[in-house]
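Read the structure below first, then the notes.
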Amino acid sequence: MRVPPRLEQRFVKVVLWSMTAITVFVLLFIVAYILRRGLPVLSLSFLTENPHEMGRTGGIFSTIVGTLALTAMALAVATPLGVGTAIFLNEYTWESRVTRIIRFGADCLAGIPSIIFGLFGFILFVIKMGFGWSILSGGLTLAFMILPTIIRTSEEALRSVPRSYREVSLSLGSTKWQMVTRVILPSALPGIVTGVILSVGRSIGETAAVIFTAGSALRLPTSLFSSSRTMSVHFYILAREGISMPNAYGTAAVLVLSILLVNIVTYRLMHRFIRKYS
Amino acid sequence: MTGLDRKENFIRAVLLLTAFSAVSVLAVITVFIFAEGTPIMFRRGVGGFLFGLNWYPGEGRFGLLPMIVGSLEVTLGALLIGVPFALACAVVLTEFSSPRLRNILKPVIELLAGIPSVVYGFIGVVVLVPFIRETFGGPGFSVLAASIVLGIMILPTVISISIDALQALPPSYREGALAMGATRWQTVRMVLLPSARSGIVASIILGMGRAVGETMAVIMIAGNAAAVPRTPLDPVRTLTSNIALEMSYASGEHREALFATGVILFVIIMVLNTLANASSSRRARGKRG
Amino acid sequence: MTGIRVREVSHYFGPVRVLKNINLAVEKNEILGVIGPAGSGKSTFLRSLNRLNDLVQGSRTEGMIEVDGRDITRPGTSLVELRRRLGMVFAVPVPLPRSIYENLAFGPRLAGVRGKEKLDALVRYGLEQTALWIEVKDRLHQSALKLSGGQQQRLCIARVLTLKPDYILLDEPTSGLDPVSTMKIEDSLRILKKDYTIILVTNNTKQAARVSDRTAFFLAGELVEIGPTERIFTAPADRRTEDYISGRFG
């Protein structure tokens, strides 16, 4: 017997809508679960005190500093490289085999699992170059991880700048570099910043690549060569070794909130940017 | 040549150098992983690595088959669980929901893509593992638990890219089918999904890459026993966990064997990347034509 | 030797030849109108004079283009200097997303002009020549994007004037404007003629008839005919010119 199309559609709709509801529920449940148990733990002293007894007591201050230091290091390396790559691809060369190779390389890099980055960073930076477990090793490893994101988003931002701006700038007697710095980068800035912030989110949340390169020392880092524990690594260790569940939840809540904040800022920026040029 | 021209040429040269940063990093990583990982494979026989059942690094036995099977099972499980929900979500949000709801839900889902994997793993430990243990028996740390958590983790990726693929279809496809008296669902099933196939396939392959490569979440919930699981309730160890679990104390041949694990993982990921790339470039060509 | 001499110029985009053996001269302080249907190569011609075609992949010029006695098709030509001397105005007004003042000061700043007084004077000069000064003098620091379409295009002309170029190239400058704005721009051109040499590409034959001293007619990449405007419009030598200006095609 053939089911009438209208009836079939009604049935399918019910199924699809319930699946959607389940999906959205599960994703929101995860955030809500963490926040419900983590928010009560949060206090000013939790944020401003260093961890004591492996994190059983005290706050998470040194891990916040570690996270920020590692992220800053990664951005300081990856942003010039990524934006420079995008500028070269978009403004200084024609489409060719070379640009295809560069883009393919970036795409491949984007797909490499973080544990491979961790393995690589461990051997190259920690062991062979002798940086040890340090902010330097971890930051460089993270920089390589976020490089493709920055290239990709910067390229999109540059591409959305109207071609006529380039013609006007050049026709008024600018060099190519003046055109890039005075006309194109200012117009593409919100898009580029979006990519950078997106990478911040990724750096904050990363664990596998960081634990093998930056180590897990709980002390407050004092130099680029200090080993340092990030919030994600701290959370992982607290939870996996069962050191302190309340502190694990608290750390997770800070982690989730900061990433949500970062992503919301990105989203806002992106939308303003899109509206401006379409 | 004027001073300005010299400056321009210098800038161009610097930019050209930076442009090769990503490719160079990729090359260096590849060389390192292979240089560290392949010698032991050839010394002890590639077959032993790929098909050996026993992983006893202390005794010099490095069979990776349980981990290879583990990674594949867990990934397959994640796709079986995640993809139907993700596609349902994508179809509902593009075809059946009001634009208002879509404009709220799509960003919400994309925001969740940023939740760190350790958080997913943790939820798995405190909610899912006990549930499985009490409902189905066994230790709870299992293929099933890992598949479910990975299935959830790939949702945002698959949903977001599938929505893009569906929205990129020209409105005329939709209007044409509806004008011929098809219901919305018939339009989706017979016109839209087939037309957006390559974009959807690319989204699934990307999700697959994420599942294969995920490490910390899997370590927390999979149980990590280095044996081929017989049922979905048995614990399992993946290639990624194998590296992460033992890296901190491995040395000598043991460390080399972990790099060999990295080599296999690397090859799997590269194959997936190439597939995704081919699939999405076919989509780009299709759009132009 | 002054003016522009174009000798046997052909232009290619990849394998496609869009200009075929063009020969013409532009004299000092004249307005040369360039007319022809869409796709006749008139814009490409204009852009080959300041080498803006270089922005297109696979672009290549054969022949010789002399500007004040120097062949600008040669490699090693300073494009920055060339483009400063041949100011260009585009079909669609493109104010940069910054203030009116900053739009006008953009070119001089690139050229290294410093000091508020000098910049102020250049900005004022440009705006006065295009009759914009009275309209915008009280809001120089507002965004240029807020001006009307006609004002934006006059701003673009003013922006070119602040460079004190020798030549002004206009690429269908009034194609998107209403008749009143068009008239204002045509008035400006007549005034500017005293100090500048102007090449006006237009898809509006009547505009060429109104403002240009001589007119060139392009068709399918060839220069069909060039001569005093009055003769071109009253007694064209070529049948195709006559067909075009009488509106039989194009």
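Residue numbering begins at 1 within each chain, and the chains themselves are lettered A, B and C in the order written.
One rule holds for everything that comes next: a residue touches a chain if its C-beta (ideal position, glycine included) is under 8 Å from a C-beta of that chain, and two chains touch if they have at least 3 such contacts.
The structure presented is a predicted model; accordingly, all values stated were derived computationally and were not measured.
Peer 1: Just grab the chain with the largest centre-to-centre distance to chain B, centres being mean Cα coordinates.
Peer 2: Relative to chain B, the chain with the farthest C-alpha centre is C.
Peer 1: Quick check: which two chains are joined by the most contacting C-beta pairs?
Peer 2: Ranked by contacting C-beta pairs, first place goes to A-B.
Peer 1: Name the chain with the Cα centroid closest to the overall protein Cα centroid.
Peer 2: A
Peer 1: In whole angstrom, how far does the Cα centroid of chain A sit from the Cα centroid of chain B?
Peer 2: Centres of chain A and chain B (C-alpha means) sit 17 Å apart.
Peer 1: For chain A and chain C, what's the span in angstrom between their mean Cα positions?
Peer 2: Roughly 47 Å separates the two chain centres.
Peer 1: In whole angstrom, what separates the CA-based centres of chain B and chain C?
Peer 2: Result: the chain centres lie 55 Å from each other.
Peer 1: What residues in chain A touch two or more of the other chains?
Peer 2: 175
Peer 1: Mind pulling the chain B residues that touch 2 or more other chains?
Peer 2: Expected reply: 4.
Peer 1: What positions in chain C touch 2 or more of the other chains?
Peer 2: If we look for residues of chain C contacting two or more partner chains, we find 80.
Peer 1: Under the definition above, what is the set of chain C residues touching chain A in their complex?
Peer 2: Answer in residue numbers: 50, 52, 55, 57, 79-81, 83-84, 87-88, 90, 92, 94, 96-97, 106-107, 110-111, 156, 159-160, 163.
Peer 1: Quick one: which bits of chain A touch chain C in the complex? Just the residue numbers, please.
Peer 2: Contacts found on chain A: 94-95, 162, 164-175, 178, 182-183, 186-187.
Peer 1: Report the residues of chain B in contact with chain A in the complex, numbered from low to high.
Peer 2: 4, 7-8, 11-12, 14-16, 18-23, 25-29, 32-33, 36, 84-86, 88-89, 91-93, 96, 105, 107-112, 114-123, 125, 127, 152, 155-156, 159, 182-186, 206, 209, 212-216, 219-220, 240, 243-244, 247-248, 258-259, 262, 265-266, 269-270, 272-273, 276-277
Peer 1: Which residues, counting only chain A, touch chain B once they are in their complex?
Peer 2: Chain A reaches chain B through residues 5-6, 8-9, 12-13, 15-17, 19-20, 22-24, 26-28, 30-31, 33-34, 80-81, 84-85, 87-89, 92, 101-102, 104-109, 111-120, 122-124, 144, 147-148, 151, 175-177, 201-202, 204-208, 211-212, 232, 235-236, 239-240, 248, 252, 255-256, 259-260, 262-264, 267.
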